[in-house]
Structure formats: structure tokens, C-alpha cells
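Across the two complexes that follow, subunit A remains constant while its partner is subunit B and subsequently subunit C.
Coming up: the complex of A and B.
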């Protein structure tokens, strides 16, 4: 299943997106560029602030860890030097998690990371924050029994494939460069290579890439990758916003 | 952190003049709510309320905990409200604004202390184990009327929520999963709802459900919480201007009508949702709820 996204649906935030995929539903909002507090102000670049808020309860060290990862990744794609002495505030509210999330056998922060990355990117695009490139991310899980890695698995698939030996999250830029890698578990270098290749294929392979789920059809095209999906989402948004051009 | 942008003098004058002439900016009646939308998630206990442009999501969740020693036969029930910069950049994480403090205080009084939820039914083993229920209030979009919207969302989520069933054998309690036994609805004693009145012109004009611009212009607010039987749970008045006692009685009558309509609306939405879930018509047989 391709992810679903709704852009710019909140009224107060400068940019917003709701992203739903594999049972994860996340609302993202971006305010920026706005006034920055004195102590956070950087003279030559913008300050990026990421807030991750869990569905239940208040933020814990897990959310702080995710915030750090997101902050570092997003700061590398936001053109911070073009909006110096301002603040870009990204808030991500987890709305729902898949039912089997707690016992799917991999670190829950890894499982949610690609979804958080996609949500924040969509919200940044919706807020028209200057970006140097886009990003796509995927989770790859390697089960210990069968050798074929699971790419962007659902929580249910993970539950069935238990035990999982290692899990990896890869994020790639629009040019196909690796932006982020988080790995957990026991794996060899060769396995990591395979996982990275598989993730790259899902994220940004140009031609003949393997889509999310075999035989997936989006508007008649078979096997779309995440990069194409992202383009489609943005294209729909631009089409909607420039619909006045067509009106006679 | 930027401050909330204050409304300009021109806008302020305009809104006030219009109110004097009996017109609201969006053309609503003085005693009318904005259109309300209530949707439930796939899980139990998630309610998404949209009141005009304001949007509040409440999620109710349950955990097993040790009851406080001074209340051995009670469960724990908490309502947590935390604003995020999503609703407005003026809301800072970890530093509650006045609006946030007032909201959590009002919800506490309106729902928790009015005993809307029978906390004794959350007890599993007296003094040892109980259910700890929490309602997380997420304000997603802020355009005034937060208290009314949150109250609707919390009550709807509580009525929608199902807690897992337990088997108690002596000192041991087994919590049954949803697959083993159908979860049970909470025992709710009454359904309090809030209606916020904003007043202008030294209490000559009262508005129901003011939006953010109207809230910024008002002299003060009166929050009336009552259930559909007309039992008042609380009346709160914030703001300095005096209000005629007769007006207050009048407001209670308006509030009662609004609360009745809203309760009916929530019940209708709950029924719709129950029908959607009860596709095979097996719900009545599966139910593990004890008749009261």
C-alpha cells in the first residue's frame, strides 16, 4: 500500500500534513520562518526545532532520541543559511499506531522513524520552507529464519516473521544519496549492503524499481517507488493551488 | 517564541460595532454553535472533534496501576492537556500558557470532580490493583472555543472507549485481551458538557462559542457546565466586568438547551459508529458487560 497524505489542512500552522501508512497516522505541522528566541538564535543560519509528541502520555527519552535524529537529518536538507536568525518549528503529533506495534519484535523508534521523516518533509513542503532536496525513507527488517529482507513491512508482517534479527532505517535524498542510517540488531556487512540496496530501490530507483508490495497499481502504473509517490503528492498539491489558471 | 499576535484596533472596533448592531462576523446567531463534526478512530476511545476551525483529538487509554493508599476502592482517572506549537506558535512546549491552565482546570472540575466517570468501577483488587485511565487532549488547531470542544471530545471518547475485561482469583487478576473477551464500556454516571459565553458591553451582549477573534475582544467569559438533566456541575466566570444575576439565570437556560442538543448529537454519532462496527450483528451476544 502506498502512503496516504493530506497537505495543508490545519489553519493556524504555516504548513501541515497528515500522513497515514501501515497503521501509523501522524499529523505534522511546521511554523516558519518565525522569530527565534535570543538564546537559540544562530547568526548565520536558521534554528530548526523538532517536537515529537506521542499518542499517549508526554514525551519520554524515546521521543527525545527521535527528535535528535530528525533534527540532524532535516537540518541537512533545509537551506538554513538562506533564512538566518529565524526559527523553523516542526511539530509531529503521533495520532495512532498499529495495534500490534508493541510486540512486533523491533525497536519501536526505528519502526516509526521513516513515517516521521515523511510527515515532516511533507509539512516542510506545505510550509514552503526552502529545501536543498527532498528525502524518502524506508525500514528494512531481516528475519532470522528466512533470508529475504522485509521492506517497509506492516506490523502484522513483522509479527509473523518473528524473530527479527536486525532492523535498518535508511533515508535517501532526492539525488539518491544516503542521508540517514539507523541499524539495530546483529548483522554482517554484507547483510547491511543488501538491506541498503533494497531500501534504495524502494526509495529512489529511477527505472524498473520494485514498488511497495508486489503488483501495486497506482493510476495504472505498476510498482511506483517512494520518490514517484512524493512527486505525485506534490504535483496534486500544486495542481490544486494553481487551479485558478485553468478556470476561464 | 513569538507572542500571540494581538488583534488590531481596527478589527477590535469593527467586531464591537458589529456586535452592537446585532451581527457576528460569520453571520451566526448570538446563541449558535459553529458546525460541529465528531469522528471516531478505528480504535476505541479516540474522538476527533471539529468545531468550526478548532480541532481537538482526545485519546483515552488504560493501564493497570496501584491505587493511591487513601482511596483503595477507586481507580485512577486523569485528564492531560498539553498544548503544542501545532495549534499556535505562541504555545511553547513545557511552559503552560494561561489558556492551557484554565482549560485543564475546567476539565478537571467539569468531568473528573463531577464524577462523570464511576472510578469505583475501575477497581480490580482493593488496595492492590486498579485501572488507571487517562485521557490525552491534543489540540491540533486553535480557533477559539477550546473548552467546549475539549469537553465534547473527552465525553465522546469516554463513551466510545472499551476497557479490557478482568478475571479475579483471590489475589491474582488476569486481564483478558480483546480477542479473549469483548472489552467493556466504561460506567459513565452522567455526561457533563460545557458552554462558554463571552460577554461584551458590560454584560449586555452574550455570545455562545466565540471564535478566536471574538475571544480576543471580549471582556470576560462565563463557562457553564451541566448535563442534559439540567444539573449544573460548575459555573466559572473569568474577567472583571460585573454581570447581572438575572442574566446568569438566563444563560443557564440557554446552556441547557445547547447541552441537550449536543448530547443528542454525540449519542447519534456513537450509535452510528456502533452500527458500523457491529457489521455481523454479533455484538449483543459477545458483550461481557454486566447489566447495572
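Coming up: the complex of A and C.
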């Protein structure tokens, strides 16, 4: 299942996106480049601010942790030096979580991380903030019993595959470079390698028939390529914006 | 306008084949918004959108209709005066951005003795003089070479309407922007319109009803991307209601 995305639907924000995938629904809004508070001002680059709001209640250390991860990853793809002394404010509101989220057996902050990354990227694209590259992310879970890793699993799949031995989140840049890795659980270096390879396959564009799945035969389910999906989303955005050209 | 659209994502390299082929005299390639040059000869995109080229001007840029207005030298904008400090008015082009400065003397006929008095929140139609990333933007209401206002200056009366940045560009393109609604309404009722590149349209007319009708019609054309037929229908409806 490819994720669903709606772009630029909040009219007060400079850029916005709603992203729905595997039961997660997140609204992202980006404002920027705007004026930055004096104490946060950086003379040579833009300040990036990430706010994560949970579905229920107020933010907790878990959200602070996610904000730090997102902040560091996004700062590396935003061309901060091209908009110095400004602020790029990214607000992510979690709207809904899958029902089985609480007992799917992996750290909930890991499970939501790829979705938050995708939402913020889409919102940044919608706000036309200068970026050096795009990013795609995937969750890989390795169950204790069967050896084949689950790639971008739904909460239900995780529940059925329990117990999960280790979970990994990988984010790749458009050129296929690793931007972020968060791993949790017990795993060997070889398992990590396999997981990274599997994630790379769903995240990055295929380059001329390389890498026909070693770790990819996941119960016959073809993982949609995220790079291709991203291109499709942007294509739709461009079509929507230029629809006046051919209009009657 | 090419029929097939090349859509680029940030980080995508612009292939040599999509660069414009200069038709006129030999000119240097001009890179517009959303593109960045990495020496020696790589051009990559920084925003997502449609790659557009102009062979005549030997220019290439990325066309989008989203995001915040970034002041660029030469743009016509509608600015809101916030306050007056020393020799300048502090103006806002978009909310929550650093002030753009408008010198007191940058008006037609202004001298040290006769300065224009602009109350906070009054509107001015101005041209962006400089908009570099390292300085706050500066705007002016006179043509520096002639000292004439050329239509720029304070906007009195009327109302402002927000439109998308793309719509503002289309309105400034005149006939190429394919907005005919103004001519259609203008044939029957009189009104005055000022378009700022920062997505603000100022409409002034004989009465509030006309102003609202024109402003709302423009916003509708923008939101629904109405073509020629749709605009004609809308104009008829608007004129009937007046």
C-alpha cells in the first residue's frame, strides 16, 4: 500500500501536507522563511524548529526525542545557508494512530518516525523551502521466529509476527545516502546489513536492474518504491497548480 | 510553453538536454528561482515543480505556485506600513517576516521639508529595490532615474484581497496570464485594480458592492482555476448581481 498524501490544503500555512499510511495520519504545516527570535538567530544559516504534537494529550519526552531526531535530519536536507537569519517552523500534528499501535511490540517512537519524516518532507516541498535533496524512510522489523524482515509493516502485521527481536528505521537521501538510522532490540551486524539493504530497496530509485532481492521476498508483497511515489505526489501537485492552463 | 512538463524534485540534476537553446544573440544562461549552480557545470533543483525554459531569454526556472513570497529586486508589491523610524517607514510584505524599509524620500516630490505622512496599516504600492538574503529588503515608490512615481505610491480607499502567488504573476502577465474576467466586468462597471507580486490585490471602486464583487471574482478564478468559458460565466453572474 502506497501512502496517501494531500498537499497545500491549509490556507493559512505557507506549506502543508496530510499523510496517511498504515493507519497513521499526520498533518504537517510549514511556515517559512519567517522572522526568527533574536536568541535563536544564526548569522549564516536558517533556524529549523520542529514541533511534534501527539494525537492525545500534550507533548512528553517522547515527542521531544522525536523532535530532536527530525530536527537533525531535516536540517541536513534544508539548504539553510540560502535563507540565513530566518526561521523554518515545522509543526506536525498526529491525527490518528492504528488501533493495535499500543501492543505491536516495538517502540512506538520508532514506528511513527518514518511517517513523521515523510509528512515533514511533503510539507517542506509544499512550502517551496529550498532543499538540497529529498528523503525517504522505512521501518524494518525483524521477528524472532521467522528470519525474513518485515518492511514498512502495518501494526497488524507486527502484532501477528510478535515477538519482534529488533526494529530499525532508515532514512535515505535522494542520492541513496543514509541520513538517519535508529535501531532498537537485539541484532547482529549481518542482520543490520540485511535490514539496511531491504530498506534501501523500498526507499531509493532502482538503478538499472541492480539488487533483485536477497532479503526482499516478503510474503510476495511488493513494497512500492517510495522514490517513485514521491515523484507521483509532486507530479500531482504540479498538475493541480497548472490546471488553469488547459481549463475551459 | 512546452507540452510535456518535466517535473523535478529537490536534488535532481537538470540534464544538459533540458537547458534552453539560445535563439537570439549569445547570452549567458540565467537561472531563475528554485535552481542552484554547483561549480563547475552542475545545475540542481532546490524546490519541487515544473521545469520551465525560455529560449529567447536563455533562462530556466522552476514554476511553482506555493510557498511564501521572497522579495526579489524589480518586483511590484503592495506593502503595509507598520511604523515610521528615523528616515524610513517599516513595511511588511508578508506577515512575520523582517520589515522592508521604505525611505521617506522615496516618494514623488518628497523633500526633507515635505515628507509624506503615512499612518500605520496604510498601504503602498512599491517596487523592490534590493532583496538579497543577507539584508532586509528595501522598497521604493519612485523610479530612481526619472524621479516620477510611475503609478507607485500610497493606495487610498478600496480593499485588499489575497490571491495565490501564481495568480498574482498571471495578473501581471496581462494577456499571457489568461485572466479575462477583469475586462469582462470592466466593460460594464468601473473599478481600479492594483496587483502586488506578494499575492495581494487591491481593488477600488465606486461602492463596496462592486469592490467585493470584483475581489471575490478574482479569488474564485484563482481557486477554481477557471478557464475562458468559466470566467465568462462568472462575469455574467457577477454583473447580474450588481
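Odds and ends about this structure:
The rule is simple: the second predicted complex is superposed on the first by the 227 of 248 C-alpha atoms of A that agree within 3 Å, B and C clash if a C-alpha of one lies under 4 Å from a C-alpha of the other, contacts with A are read in each partner's own complex, and residues count from 1 in each chain.
Going forward, a residue touches a chain if its C-beta (ideal position, glycine included) is under 8 Å from a C-beta of that chain, and two chains touch if they have at least 3 such contacts.
Worth saying up front: this structure is predicted, and the values here are computed from it rather than measured.
Of the two partner chains placed by the overlay, only subunit C lies in contact with A:174; subunit B stays clear of it. Taking subunit A as the reference, the larger set of touched residues comes from C, when subunit B and subunit C are compared. When the shared chain is aligned, subunit B and subunit C each come close enough to touch A:31.
Touch criterion not met for A:164: it reaches neither subunit B nor subunit C. When the shared chain is aligned, subunit C comes close enough to touch A:244, but subunit B does not.
By the touch criterion defined above, A:231 lies against subunit C but remains apart from subunit B after alignment on the C-alpha atoms of chain A. With both structures placed on the common chain, the touch criterion links A:198 to neither subunit B nor subunit C. Of the two partner chains, subunit C is the only one that A:131 touches; subunit B does not reach it.
Contacts of A:139 after superposition on the shared chain: neither subunit B nor subunit C is touched. On subunit A, the surface touched by subunit B in one complex and the surface touched by subunit C in the other have residues 31, 34-35 in common. Within the complex formed with subunit A, the subunit C residues making contact are 1, 5, 7, 9-12, 34, 36, 46-50, 63-68, 70, 96-98, 133-134, 166, 170, 178, 225-230. By the touch criterion stated above, subunit B contacts subunit A in their complex at residues 1-2, 41-43, 46, 53, 55, 57, 59, 61, 80, 82, 84-89, 93, 134, 136, 138, 140-143. Here subunit A touches subunit B in the complex through residues 10-13, 16, 27, 29, 31, 34-35, 37, 51, 53, 55-58, 89, 91, 93, 95-96, 99, going by the rule given at the top.
Those residues of subunit A that touch subunit C in the shared complex are 7-8, 14-15, 31-35, 77, 79, 82-85, 125-134, 173-175, 230-231, 234-235, 237-238, 241-248.
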